[in-house]
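Lettered A, B and C in written order, each chain numbered from 1.
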């Protein structure tokens, strides 16, 4: 991708805006970024609202309403490259908890007039609706990774995103394994690196927000975590967290919950 | 009991424990960063220490497969804690280090070598197994045909104050590997902790200069025999043992044994074992680039044979399964390492056992493999 | 044993062994679809004058910001003016190279690794069996043999590619034949314009008469081809000590330090890429090793 500057549009779907904020949080790099790309549409940041098509669309959030299904198709039509930004966009996010429950029941409890709501029974990742060219996981995403992806696109290069687990990143930072040292439940061995092991560094277990690492050995990790449960069922809950709708975590949590039911 | 004569190279002196502070101060005056075991955020690390009070006084470490706990045992020793996940490797072979940066100009690329960063470290409390590990890494990074300036500059300036181990942990097996618990050489000063005093054996001229006017007494025959007894006891208290009599052959002749698959079904491929191992040396080079592509840099980072990308190249992955990666690690560590470097790659420190969340224990795996292979 | 361990001096020159040396692309020759030969020359004439390599060795070619790739040298080791690399565009680094032009510079470190046993083969027949882009690392060996043709017995090159348009260096075959090299070419799939051999290299290997007692077999190419060539050669009673193979693995340093390219006790970058087969035999059939 050479001159002129590529046009970029940033969209929000169902999400907390945290990933967009990660872009705005780039501080010094933000100026360079503004030099290198042409931000054509980014409601969170500018008043710019130029029509497509765009070279790059960055999409935050999951699809949770009928309207969003239509919108994401239109975004795809307008974009040469579509990047799913953050774990809502890549795995449905925390709101995908509804996928394991009855959304109508929740709506009744929370809203006085749920009949005015237009929602889907599920919160789903962007890739379930349109083709996604690149997924950036995280809740929120790591701004260094966002920058790396944009740099790579600008320079015709494959982005360098780690394929290994949080553990390797954790040790490179000199952090002491919280699972072994403290007996904390930690999804680090099964979670894709990229966050900088931010939770273990701060003395708590990883909750898997960067999604499952491709070759995670969950059959082995699951019973290890069960031995460290602070309360019965904690392991299933851990897998069914931010990245809970990601297929391998989903499968592991389902297996744990059905085993739990059987023992009851 | 102050002494009017001066200690000699190779001799063993006794100092009162508080005098150790003077030694630390001297090292710092001489320009060293004094690094030793200390407790930070409730956990045992190697970090900067300035006083004996920062050492984990009264603590021991409880270690087993997949288990580490720091325990205040209430004793009166400073050096009774068997080390945790960190090793001296992180100082000599840093987990992340800049190799060089490049800036594009009209002719090509200008190389910007990073400023010399060769801190002078004084390592306080190097265990016999750890010293053996450093000597193994010396052979990796300071070969005739690949002599790494980053390692070399740190290594050759490092002051080593080693410690005899009196209280081995549950995952220790240095006796099996012939590396400990007693420090044999390669130190500037070696310390043996007795109830009331530290015995210091002087291993270098540099150390001799540092201790020569400390208040000391010559180690008495009683002190020396006490140290001897402590060492004999420590050797008997190893938490693990490993029969290496048929290594590396046992492994290299059984690379196709189905037992590797069994280990692979438990292994998380998380790379913890390789990262805590004081001899593992694999690294990767990462390239970074500015948005406009005009400035780039190269960084060396710790890598691991458990990293799925480790043996990936265009055309596929040489070791696509976890069992093949575990086999690579162990068959290197306790097998092919010998042909590469003249010794096995394991020093018996037990870190890979303690820090494996899946409780994989190489001493156990080897003995099972031995049984399986003889079937 | 008590030894002093410290040395307080600090070195001032700490240029890392991994720092690239710069070479200019002086020419680019398209070879086949997705493969071009880059003719490089160190920007520092002294460096170019000092550079020499043995047939079979490789360089680490660096594109700043993209990374390094291990690439075998395909040019004549006697030609000290240029260094040739036939590069297939398959990965991040090689794709970046594909976008470079004459006059651009790349980083170069090398030469690294072992070489074909051109000296030890003197007085012997030589059978070269290679496939695809397994030919480029063997071309310097061919040049060496041609230059010293009288020192070798019967020399055969059996070369295969997927299709006729995937054959490398076709314009040189006649000159090799003139130098009394028996050049035999085969393709996996032929079309109407192809009237040569069809079939994979190991299959044709079987059809050649070789004297196992005095033939050196050199092989390089896709791993599956190498396996079958070796299988056939052993079946023909060529001793493992007379079979040489060039291997390839992920490499970062080229100097036996980073660990990536290990195969059993060997670092392929340092103890290979060219191995005498008896050294590899204990590990060669271990899957995923």
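In the analysis below, a residue touches a chain if its C-beta (ideal position, glycine included) is under 8 Å from a C-beta of that chain, and two chains touch if they have at least 3 such contacts.
Quick caveat: nothing in here was measured; it's all calculated off a predicted structure.
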item	value
Graph class of chain-chain contacts, one of line, ring, star, complete, other	complete
Label of the chain whose CA centroid is most distant from the centroid of subunit C	A
Chain centroid nearest the full-protein CA centroid	B
Chain centre separation (subunit A, subunit C; CA means) in Å	44
Between subunit B and subunit A, distance of the C-alpha-averaged centres to the nearest whole Å	37
Mean-CA-position distance for subunit C and subunit B (Å)	39
Touching two or more other chains - residues of subunit A	155, 157
Multi-chain contact residues (two or more partners), subunit B	287, 289, 293, 303
Shared interface positions of subunit C, touching two or more other chains	65-66
Complex contacts: residues of subunit C adjacent to subunit A	65-66, 92, 95-96, 99
Of all residues in subunit A, those that touch subunit C in their complex	155-158
Residues of subunit C that touch subunit B when the two form their complex	1-12, 14-20, 22, 24, 43, 64-68, 90-91, 94, 105, 107, 248-250, 252-253, 255-260, 262, 264-265, 267, 270, 282-283, 286-289
Residue ranges of subunit A touching subunit B (in the complex, touch as defined)	29, 32-33, 35-36, 147, 150-152, 154-155, 157, 160, 162-165, 167-168, 171-174, 176-177, 179-182, 186, 188-190, 203, 213-217, 219-221, 224
Subunit C partner contacts - residues on subunit B that touch it in the complex	9-10, 99-100, 102, 104, 107-109, 111, 113, 116, 118, 120, 140-141, 143, 145-150, 152-153, 156-160, 184-188, 201, 203-206, 252, 255-256, 281-285, 287-289, 293, 296, 298, 300, 303, 305, 310-315, 318-321, 324, 327-328, 331-332, 336, 339-340
